[in-house]
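Here come two complexes built around subunit A, the first alongside subunit B, the second alongside subunit C.
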Partner chain A sequence: MSTLSTPRSGTAGADTGAGPGAGAAPARRVGASGRVRAWASRQYWPSFLYLLPAAVCYGLFVLRPLGQTAWISLFEWDGLTVGRWTGLDNYGELLGDSRILAALGHSLVFVVFYAVLPVAIGLALAGLMSRMRVRGLSFFRAVLFVPQILATVVVAVSWRWVYDIDGPLNAALRAVGLGSLTRAWLGDYATALPAVGLVGTWVMFGLCMVLFLAGVQKIPTELYESARLDGCGPVREFFTVTLPALRGEIAIALVLTVTYALRNFDLVWNTTAGGPGESTSVPSVFIYQGAFLTREVGAASALSVCLTVLVLAVTAVIMRLVRGKEG
Partner chain B sequence: MRKPRITAAAGIALTALLAGACGVPGAGGGAASSGFEGPRITERVTPEDVAKMGDTTLRVLADAGEEQTLEALVPRYEKAYPNVEVEVVTKGFDDLLKTVPNSLSGSDAPDLAQGNQGYGTDGPLVRAGLLRPLDDVMRTYGWENTYTDGALKQYRWTPDGALFGSGSLYGISPVTEYVGVFYNREILDGLGIEPPGTYREFTAALDEVKAAGRQPLMLGNAEKYPASQVIGLVQGQNVSSRDVRSWVSGVPGATVADKGTQDAARTVQEWADDGYFGRGYDGISSDDAVAKFAAGKGAFLVAGSWNAPALQESMKGEVGFTLPTRPDGTRATVGSLGMGWHISAKTKKLPAAVAFLDMLMSEDFAQSIADVGRTPVTGSAEATSPVADAVNDTGLKLLADDGQNFYLDWASTTMYDTVGATTQDLLSGRTSPAGFTEALQEDWQDFAAEQREAAGAGAEDAS
Partner chain C sequence: MHVSRRQSAIGHAILIGAACVALYPFLSVLLLALGEPGARTSGFSLPTSISFANFTEAWDRGLDAQPLLSSLLVATSVVIGTLVMAVLAGYAFAVFPFPLKGVFLVLLLAGLVMPYEATVIPLYYQLKDWGLVNTYAGLILPQIGLSLPFAIFWMRTFFVSTPAALREAASVDGASRLRTLRSVLLPMALPAIGTLATLLFLFAWNEFLLALVLVPDDASVQTAPLALSFFSGNRRNSDPGVTAAAAVLVALPVLIAYLALQRRMISGMLAGAVKE
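The block that comes next holds the complex of A and B.
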């Protein structure tokens, strides 16, 4: 990336050409340092002072801990005594640990429940509400948003009760003659993962819906009118008008929900603690255990770094795919 | 605009890395203590010794379960030692275990703190040299006469923190807690079953309750550990306490993949298969299980003695307690003394701290401990209810029999998780009794290998 192998004209020149002397020099001799110099000369430096307070806080409370985590991940450290340098061993062990890979698999399942389903439900609700005038819309909106603002522990305890062997879900199943299906939903190897996932769907769909409703409101009504004049039914109208206009909101919703799904910890820990067996374990559970219970701080840091990189990569992909050039 | 942005991002990342790269983590903290330097306690601390310190504050970090005990102790202490003000901070069990290492290693460490026995919490504290050995205090105050040697081993560590169960004494507690069997008198009376005394009577009672179409045992295993305590209770019948404790302490060559433990795992697996625990136990929390048992679900509940006050409150006279005996009449089960009280190696208020432990451990204070529903082992005391009386009485017999088997999860830093997950696998039939014990043994061996490796690396560093 330091030098361009083929001379470029036009757009490449426009990229760097504003710097003094850069226009005269052949493009291929403009290395990274030249570009930086060109970029630097265009800046009005005092304006950066306005960024300083935020940058200092960000650096101190986000970047520095991140750097420390990355550094600690190169050690074997119990959090108390002097650490032992192990280089990339922690990362190697991660890749060889089948429990971590299984946990990643669970996370991918959670992406479906925490991101795909809520976005789909949110879109459906937003599509419905954009077509019809609903009386007391703000009331419904508020009620559907409530799960999002409840404390996770409250959500977890409530759902533990719903899923309990003597809980309302099983009572309802018995009432309609499906008593053979009853089980401890969170304590069953087959159902624990989707059961926890559905709690996540319930928590996240309100957020998606509110985002999409806000987006729908800024779509010009003329678009709907012309679509209707052209004879579009509700489904066609949704796909040709609503969906494309919500691109930005979908990207935001996906980034928020996918991030939540990947770093999901509190909901899992408070409903199943990763059980039964290891059937609902997620990477964050191992980070927590490593950092606070088993005192393998180095290994836990390595896993944190991997998770951070994964979240950033997935976020970047979503932004590119959904928002496209617009972003 | 693309390239500069990348350069800037790289610059930020680099800065972050450099900011983080401030040396080896943990360097400058306490190193492994090879031999404790500092004043020794050779005579009992007197109020005059403490008074010499002038007005001062004694800082105490404790488990939330100690709150009531400390509410009784602190006013007494402040009256006897008027120049000392005691500042107590309590935290829930999980929180305490996670924060106590950092509290003690910080610059603002408490003078007294509770840890938890085993390689998970106390081990790292000893290894980091954060705890003051208490051998001199033990000898001065005669604690070794209060306890059997086997019981005191749970607070003993080699000074490098590598081996648990021998070496210096690093903690003490005036109470005992253990896993036993609560029963519902109403259900047993209704079925005409006598409260069991021996293990044989216990299993016979389970079969009778089952035959009568009721649920014999209540179990809530969502947190993964309660079912492993049921296995531990049965293991106590099959395996000698010495062997179980050797394994928990990491004595080289010990094994849990023995026939007795496998049989215990098989017994509990069969109970699960035959519906003795009812359905859905992996989805019920341990607190909910206690509540369901109190509401009449299950004739028996295998649980910690610490549940006695709650059960007494909700069931009144309907709850009973027993610990099934072995064929020779002795008792052995999952159990230990209370979470150890430690004196910080950094404390500058040693006389006040020792006086605090002395009062906590004194015979005079035993009744106050019993009054809050706990089991003191430091002196005779009258229990507050019949079930508490049974718990206290049995607890003392268990100690006399030297039958405290400790907790399996003390055996390594990862054992809590291994035991929990493997127990759930066992009960659901995903692993065999042999698979269960092998998984535990494998964890144990991995940990032993790590310990050896760490010890080797430590020796290299020193040379």
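The block that comes next holds the complex of A and C.
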């Protein structure tokens, strides 16, 4: 294995060295041979030995499949017979497929429920509790984190019971005389999407509260005092002091919640599996179904490439926004 | 002063409400599970008697020691494998100079943000070729790979924070790099490694998509979340109380661990999030 990996890194190094300045041969050659000598003089290879186990595992089980997903996405393949090269056709079909576009729309709705709502709830609480010592903070932290540590399957089973036709939600509605509203919340076309969305809100709101409360306790009180001297009301104070100070925490919360909303396989699969009909379908459900149930492996791969690009892009944009403001 | 006291009261009332909301769904499932079989404790009344019949029923119908032990084995192997690789790699990234370090770090960063959906399809076919679908190894190895970015960044951050003077002193004393790691840095790293191990265990215990794809057919290697998913999928012909009991069985080990280690888990998850 070591003979496999070290030279590979070596060639990669030579490639980057030769790539940009292939024309300027003589000077480059000295640099390259110097580099070869540095490799040979045992300067670097011990470092690569430390990296080797991780590199092999990561390469085999993450990077290689990642590349293969992109490769398979260029074929029409049923997973059994030889695939047929179709170039970018799979991607073209995705864009023209109304089911996929509907699933993307559901993902956007989930972003509101999984990301926007929890962040807004957390910020509202942080604004209210700024300048205040939170009593029992460690207790609240521990309790508010419970949704984060439960397996999503357990979360899904719990909420399926809450939303069940005989479940607590309907019982509560009947108890307050709203029996006419009772229904199987996850089985109803009108309510399934927001019902699953609220599960996501529930998973994420505690994390946001804890993040922002911790952040708001670190804001120096002088900032609030000077804001008050300037005649700021509580609302202006929130927008001029609390919100800018929490920028870092907001970015973290958004990256975590938005990517969770876009990936979102476990919760949807275990609550509604995309149903009823396709009213809660999301891209990751189509990826799983396409790859392992209906055997449209190429199209499913194309969809997962799109999903990955989307997740990476959204993360980059959020981080860029924060970094940009800091700089 | 008066206003802020009222504000504080409102804030704490909201926190208490939020805490109830955070606990309620699982508590209602717990109550349902502890009720008599067939009883549908709708959650706002405490059950009159406590019965474990739902648990024995769930146990008999397949949510028994097997999936729990599978999860334990998988999660433990993932933690140990990831830790060994991540300590070595994180040490190298933090301390040694070598070319292409930036490229490697970017590749790792991509793996940190990338959704698992991006790899599962070829992963399945690759492991099928190797005869590893429906085996423990087929579930453990990819999970190690996917845990590595987080773990390596975690360990790298720790090793970067160790004083360079300490490492230099060790090397002046004639310690090799491996010796420095083993005798000087590892003892210092134990708390960081402990927190990392706790988080990795939690993630591995709860992992669902990989288990669904990579061990779909063999009940004897299925992990607890996967078994629960299949179990509750058949709930049309089963009692909600039994499904609830199955869910409690899957959640209980993690909840017990959480009671003991919550401080470490929370600070770890927050710190991990900040690093991302």
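We take it that the second predicted complex is superposed on the first by the 248 of 327 C-alpha atoms of A that agree within 3 Å, B and C clash if a C-alpha of one lies under 4 Å from a C-alpha of the other, contacts with A are read in each partner's own complex, and residues count from 1 in each chain.
The definition used in the following text is that contacts are C-beta pairs under 8 Å (C-beta built on N, C-alpha and C of every residue); 3 or more make two chains touch, one makes a residue touch a chain.
Bear in mind that the values here come from a model prediction, so they are computed numbers and not experimental data.
Once chain A of one complex is fitted onto chain A of the other, the partner contacts of A:Gly79 extend to both subunit B and subunit C.
In the superposed model, A:Gly92 makes contact with neither subunit B nor subunit C. Once chain A of one complex is fitted onto chain A of the other, the partner contacts of A:Pro276 are limited to subunit B, with no touch recorded for subunit C. Contacts of A:Pro244 after superposition on the shared chain: neither subunit B nor subunit C is touched. In the superposed three-chain model, the partner touching more residues of subunit A is C, compared with the other of subunit B and subunit C. Contacts of A:Phe292 after superposition on the shared chain: both subunit B and subunit C are touched. Of the two partner chains placed by the overlay, only subunit C lies in contact with A:Pro46; subunit B stays clear of it.
When the two structures are aligned on the shared chain, A:Gln68 is found in touch with subunit B and with subunit C. Look at A:Ser158: by the touch rule set out above, it reaches subunit C but stays clear of subunit B.
Contacts of A:Gly179 after superposition: neither subunit B nor subunit C is touched. Common to the subunit B and subunit C contact sets on subunit A are residues 35, 63-66, 68-69, 72, 79, 160, 164, 166, 292, 297.
Against subunit C, in their complex, subunit A makes its touches with residues 9, 12-13, 16, 35, 44, 46-48, 50-51, 53-55, 57-58, 60-66, 68-69, 72, 79, 125, 128-129, 131-132, 134-135, 138, 140-162, 164, 166-168, 170-172, 175, 202, 205-207, 209-211, 214, 248, 252, 255-256, 259, 262-263, 265-266, 269-270, 283-284, 287-288, 291-292, 297, 300-301, 304-305, 307-308, 311-312, 315.
Only residues 1, 15, 32, 35-36, 39, 59, 63-72, 75, 77-85, 160, 163-166, 183-189, 272-278, 289, 292-297 of subunit A touch subunit B when the two sit together in their complex.
Within the complex formed with subunit A, the residues of subunit C that make contact are 4, 7-8, 10-12, 14-15, 18-19, 21-26, 28-29, 32, 40, 42-44, 81, 84-86, 88-89, 91-93, 96-100, 103-104, 107-108, 110-111, 113-126, 141-142, 144-146, 148-149, 152, 177, 202, 205-206, 208-209, 212-213, 216, 224-226, 228-229, 232, 240, 243-244, 246-247, 250-251, 254-255, 258, 262-263, 265-266, 269-270, 273-274, 276. Contacts from subunit B toward subunit A in the complex involve residues 1-4, 6-7, 12-13, 15-22, 24-27, 29-32, 97-98, 101-102, 105, 120, 124-125, 127-128, 130, 221-224, 278-285, 288, 292, 413-414, 416-417, 420-422, 424-425, 428, 430, 454, 457, 461.
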